[in-house]
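Here it is: the structure, laid out below.
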Amino acid sequence: MTINQFVESISSYLIEKRRSFHKMPELGFTEYVTTYRIFQQLDELDFNIFVGEETLVADERYGVPTQSELDEAEVRACHNGVPQAFIEKMQGGQTGIVAVLDTGRPGPHTAMRFDIDALPIKESQDDEHLPASNGFRSTIEDCMHACGHDGHTTIGLGVAKFLHEHHDELTGRYTLLFQPAEEGGRGAKAMVAKGWLDDVDYFLSGHLGIGDQEAGVVSATSSRFLASSKLNVHFKGKSAHAGVEPNEGKNALLAAASASLHLNSIPRHKDGATRVNVGRLEAGSGRNVIADYAYMEMETRGETTELNQYMLEQAKRMIDSSGQLYDVETEVEFMGEALNGRCDAEFLELIPKANEDNRFVTGVIDTIEVGASEDVTFMMERVQDQGGKATFMIFPSSIPNGHHHPAFDFDEYSLKTAVSTFAHTIQYINEQETI
Amino acid sequence: MTINQFVESISSYLIEKRRSFHKMPELGFTEYVTTYRIFQQLDELDFNIFVGEETLVADERYGVPTQSELDEAEVRACHNGVPQAFIEKMQGGQTGIVAVLDTGRPGPHTAMRFDIDALPIKESQDDEHLPASNGFRSTIEDCMHACGHDGHTTIGLGVAKFLHEHHDELTGRYTLLFQPAEEGGRGAKAMVAKGWLDDVDYFLSGHLGIGDQEAGVVSATSSRFLASSKLNVHFKGKSAHAGVEPNEGKNALLAAASASLHLNSIPRHKDGATRVNVGRLEAGSGRNVIADYAYMEMETRGETTELNQYMLEQAKRMIDSSGQLYDVETEVEFMGEALNGRCDAEFLELIPKANEDNRFVTGVIDTIEVGASEDVTFMMERVQDQGGKATFMIFPSSIPNGHHHPAFDFDEYSLKTAVSTFAHTIQYINEQETI
Amino acid sequence: MTINQFVESISSYLIEKRRSFHKMPELGFTEYVTTYRIFQQLDELDFNIFVGEETLVADERYGVPTQSELDEAEVRACHNGVPQAFIEKMQGGQTGIVAVLDTGRPGPHTAMRFDIDALPIKESQDDEHLPASNGFRSTIEDCMHACGHDGHTTIGLGVAKFLHEHHDELTGRYTLLFQPAEEGGRGAKAMVAKGWLDDVDYFLSGHLGIGDQEAGVVSATSSRFLASSKLNVHFKGKSAHAGVEPNEGKNALLAAASASLHLNSIPRHKDGATRVNVGRLEAGSGRNVIADYAYMEMETRGETTELNQYMLEQAKRMIDSSGQLYDVETEVEFMGEALNGRCDAEFLELIPKANEDNRFVTGVIDTIEVGASEDVTFMMERVQDQGGKATFMIFPSSIPNGHHHPAFDFDEYSLKTAVSTFAHTIQYINEQETI
Amino acid sequence: MTINQFVESISSYLIEKRRSFHKMPELGFTEYVTTYRIFQQLDELDFNIFVGEETLVADERYGVPTQSELDEAEVRACHNGVPQAFIEKMQGGQTGIVAVLDTGRPGPHTAMRFDIDALPIKESQDDEHLPASNGFRSTIEDCMHACGHDGHTTIGLGVAKFLHEHHDELTGRYTLLFQPAEEGGRGAKAMVAKGWLDDVDYFLSGHLGIGDQEAGVVSATSSRFLASSKLNVHFKGKSAHAGVEPNEGKNALLAAASASLHLNSIPRHKDGATRVNVGRLEAGSGRNVIADYAYMEMETRGETTELNQYMLEQAKRMIDSSGQLYDVETEVEFMGEALNGRCDAEFLELIPKANEDNRFVTGVIDTIEVGASEDVTFMMERVQDQGGKATFMIFPSSIPNGHHHPAFDFDEYSLKTAVSTFAHTIQYINEQETI
């Protein structure tokens, strides 16, 4: 059976798994059910499996959910049939799973990363939105796979099946990293700290759906990762009756509103693209009370680490000053980050060659600009620092709506394109290295 | 037994009840437990009792909680021993209770109103805060009796006991209105619509704690009620990935932040005091998503109805324009209101005379400025429109912190002052009218 | 000749003078022409006259114009026929004039104040605006008597004529203070410092046009003076090319814009009326340059000195913080102030009695609320501190548009009402004191 | 004499002229003196000269100064010895001059553009600022050559001298365009409309000082011109006394402040660099008057015409909404624009070859990013539309401070580099075309 035939043979498996993950989205570090379901698939195959606390250094995680959010996730996991002993391995939000296949034969160490978390977005119920009209819309309130990580997880399982089937023909070692909490740049660093990337020769990863191309096209590398910092900001003021003595209050809501506006007025930078976003704001308790508290989730980004640093410094000063405007205390919590990554040029040649016979690839282009942040950059940097080569491929997919949109979806054909690309590339590396 | 002796005799009953209500605060239209507990007290006495749907016109309520908030309140009521049949009488948030005593003897109809709801404020845990150090701090997360309505409810029960005990000496009719949802001006209008105030000769009500005076002082009337409008505002934008394509979003969070700031810049008015407050703001879902939704709870106030109208018109235009700034749709929901009330001058003479022998009153002053909004003004207006007389007394109480403060508290001695003042006043009116 | 007959006899003189002053408005401390024209009128009468530097303590002035503004004013004065020697007495903006009449006979010392400055407002050219259609519109670009000081100055001349004519019948001393720079609260304090008010028994002053009443009504006193502070704010940032390197700038324009918005959001105060206004803002040089400088003229006010102090403190913090938002330095200059004055109750009886036979007075009311700031309060305070009595009367005048409006005007009949009221009051005090 | 020797021979002439222009900066369309001084230099040489109204289509100019600004400029020109007849040719701000040399021999038509206007910036008086310490600081208040156009003008004269000296060796035609009002993108379009660029084969232009390189380096082309729109915005509100009746005003100052802040919060765009700047803001008249008027000078930019269009549309909506916030009318005036230009690739080869023997050129690089706007793009577009070739070279110059900085200056050695580059390039084109 050729790789093409193999991929075709698991076509309905891929679609079924993807839809199953799509129905059960989980936010970063609460992927208890997702992790267990990945485990169930891998458990039947030839892998050494590491779960939860075995996969990452807990203290290196950013933005761990609150205890009550974790408790809720564990209850849900329990209701969804995850065994208690398995839940315990993930306690405190140590989600994620790593599968290692050692062929025992000399050869390179290839690592692949698949991110598994979802977003706090309420999924569209529109009939034109395929997951809604086809019955696999999210079953979790206000939570959705709106960035394709359901597909990424599925691709990882497809690649695992390929490695399992072709176990005897392969050389070297293979590490599959199913990473929690990519959104917000919170999980990769903790996996890197565990050492998984320390002796990797080839690092392959990728993303579904970016770019204007149709499903079938593959980009060998990607560029323009934005370095990013993720911050939570707390504003502490003083409440007072808004009718009786408004002057006695210190208005935390206004301080946060002012910060939101001014942050968006940080000057654009001559050296390249920058971003800032206050994505969430919660302030005050009652209508007739001067708000004594406000809470903000925000981020800065920059085309380079320096540009992000510029945004971060300006943001900090503005947050501080916005507090002072209303005599309100501010506290900034660091919640996550991503680096300014780069792919190795070797893949510009390697990927096209490896996929010459790939039936599911209609063309390979050099690069697509990501224009967003990805903490896969922590993994790539570690690999490259040790002399390994890393790429982050793009699998365009004719998406009807942008990433993070309530009606985001992708063409499931891309699942085959991606699995097939990983498989052909693995085989090609194998052939090259063993000649 | 004189009234003074009677009041002294129920002293510990009053304190016990007040503390019990304080421990179980409930927000407007979710006072299921509170209503039931009032019922339990009144049920032993000589009253015709009306509960929930019998007390108000449901459609005339403002700002009814969401179904899930009501469901939660019903579950809590169930857990706290409220019988299912009783809960059903309050279904959909029709809380509140009315007790009527008809002596059968000719005489005036006197109505009294006691408000029973609490506020969405997290109560202080400070040792200096008496409810905390004395074990009757709120048991409900983020909910607190921070405006003395626990005391008001208790005073109502004390007055009920007085009416019951002195049943045989009294003439005319007595209606005790235990009103839900005073905060936000949401409940009074619905009770008025039911007709309770239509033939009232004397309307008595009051508030604990306003003013600088010590407990023991009584103000015969109050002034400077602020007319008020309560609004919820919804901002509907468009989400987008904040890193990849920020220009595709329509930022509802920024529209709401801008509205918050600009609302506070509505010009002061030459004709008198005005107020505006955005007390609550919630916007956005995730840090890296342009917020497609924001929600704001706000209010305007004015020393006169015209001044409040001025604020309301300016506010509406500013909300609309703030939406347009970011190409975001806005929708304004009307959630409550209070009028610009006035007390009848007759009480300036009546209250002091009635309380000449009141042991718990150290002095009667003419008036205290409220400087806040009260929907009791709807009841007062109805009474006055029909030719009746109305007052809203103040019972100062050396409060350590302002109303709506997390460590608000009052001197429980005021409970006796208030019950005793109601009782002496009732007796005096009785004597006057029957001579 | 009775006072009534006397006043009627100078009727056309008053109108002519008023219109002449109206055509030649001059801003505070640049009233070179106005001062000279007052001098020309007084010079023919029985007064000791003090001009410019003899009338005030220069260092106690607030908000002296720049040298180039003063130079321009001196050139204009020269062109308008003011002799060089006279200009020299006013050099450096020491405008204003004081006229003293000592009868030599024992009696009280009565001081009267008339303010003479204009406003930086472009006068309406509308046909409905009487000064425009009657040919006495301002001849000075962007400068206008929009607060009636042309009338006040004229009233002062009318009173001077009365004192001159009735010299022989009067006792005691009379001091007429023609004060510069009332707008902005800049001139009164400097005249007080010179000692003119130190031994005054009766202080009379007044204002045209406030209130809804028709011309002919007189208010014996006024109330609700707003205490006020006048500030200039300088914002110093850093310029940069707005296209090439916007990040290199420190945007003083945005800091000032932010300050303007936030200042207007200072919470209203429970204790009474407050005001804040940024009346002028100038920022930046060229369209494509990040603005390195901004300049703001602003003021705070309060119904009491404490309320103004509250506003001032909040304002200072907000200005400072707004600078920090954009990393811009701020500097606050103190430019003027007014106190929270009060009139003596004696005048409530005195003014009506004194004007019983006043043909030009249709009624005397107790008080009218000013609701603005007046540095006459410095004079009143000094008089009252020494045991004298002070009032600030109001002469309503059916004004078609509010004060400081480009089409402000008043009914010239009020000139007679005012002169007549001053005269009758002087005569009455004289009679009372000499009995 | 070689070109190198020729250029060296006019070295002190270039420095003298540059300093003389530097001392007499004039804003766009008021370059009366500058135009005359250019004329005086060209008049002695072999050119047909066109002045003022002969050089442009008046109606196609953007942002013509007010009549009083033009009057002032004409008075200054008169004082500086410009003959009345010459001034008349420029009346109404029709400044600029064109010099044409027709060799009479067949050959290409080469046009060159030199911009001559200055900026509204107050020049530094710092000793470290060479023009200050060497006595050629600007003699015009608040006006400065802070973008090197004094140098550009001088280079044009140097090139003119070269053409004159080498008249007999050259073929074809040469047009030197001394363009007014480049700042703000106001003058080029009007010259294009006159037809000067209609049959041009080679268009050469350039800018001093951009980039980090030292003087001596030349960039053959430039890139990243920002398309730009220049707008003036008028806000019309209603004045009122800020103390007496603040509610009667419609605050134009606050509307403009709000617009300034919000304009800076227009979202960054995924497709590339954008800019927005409010460079000037003037609002209000007096401190105690609600401002009834505000005026704003602003601009938008984009890396492409589409990006600028995006900014422009957002800006217009925000200006409109900011007006509505305060019930203030807004009016947007279009004042200038620049396109998103591109240089022809032919020059990447042509310039280095032409300057192989250029003693004043230490190296030729391909391109430097301008990152700003230039209305030379209108000329380039016209040339390219007709099939001609156009470039805009950069002459780096070790500038101590950025363009538009009060202490901007450049290394005068660059004058020789630039003249020499133009001359060598002209000679090379001549040789190529005539072979």
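All chains are identified by letter, namely A, B, C and D, in their written order; residue positions are counted from 1 within each chain.
Quick note on the criterion: contacts are C-beta pairs under 8 Å (C-beta built on N, C-alpha and C of every residue); 3 or more make two chains touch, one makes a residue touch a chain.
All of these numbers come straight from a predicted model, not from anything done at the bench.
Participant: Select, from A-D and A-B, the pair of chains that is joined by more C-beta pairs in contact.
Facilitator: A-B
Participant: How big is the rotation relating subunit C to subunit D when the fit is done on Cα atoms? Please round to the nearest 5 degrees.
Facilitator: Between subunit C and subunit D, the superposition angle is 180 degrees.
Participant: Of the other chains, whose C-alpha centre is the longest way from the centre of subunit A?
Facilitator: Ranked by distance of C-alpha centres from subunit A, the top chain is C.
Participant: Same residues or different residues: which describes how subunit A and subunit C meet, taking over half shared numbers as same?
Facilitator: The interface is built from the same residue numbers on each side, given that over half of them are used by both copies.
Participant: CA centre of subunit A versus CA centre of subunit B: separation in Å?
Facilitator: 48
Participant: If you average the CA atoms of subunit A and of subunit C, how many Å lie between those two points?
Facilitator: 68
Participant: Enumerate the residues of subunit A that touch no fewer than two other chains.
Facilitator: In subunit A, residues 244-246, 248, 254, 258, 261-262, 264-265, 267-268, 270, 275, 290, 371 touch at least two other chains, as defined above.
Participant: Quick one: in the complex, what on subunit B touches subunit A?
Facilitator: 119-122, 142, 183-184, 210, 226, 228, 230, 239-246, 248, 253-254, 256-258, 260-261, 264, 275, 277-292, 294, 297-299, 301, 335, 370-373, 402-406
Participant: Can you list the residues on subunit D that touch subunit A in the complex?
Facilitator: 261-262, 264-265, 267-268, 270, 272-275, 371
Participant: Write out the stretch or stretches of subunit D touching subunit B in their complex.
Facilitator: Against subunit B, subunit D makes touches at 244-249, 251, 254, 258, 262, 265, 267-271, 290, 310, 317-318, 320-322, 324-325, 327.
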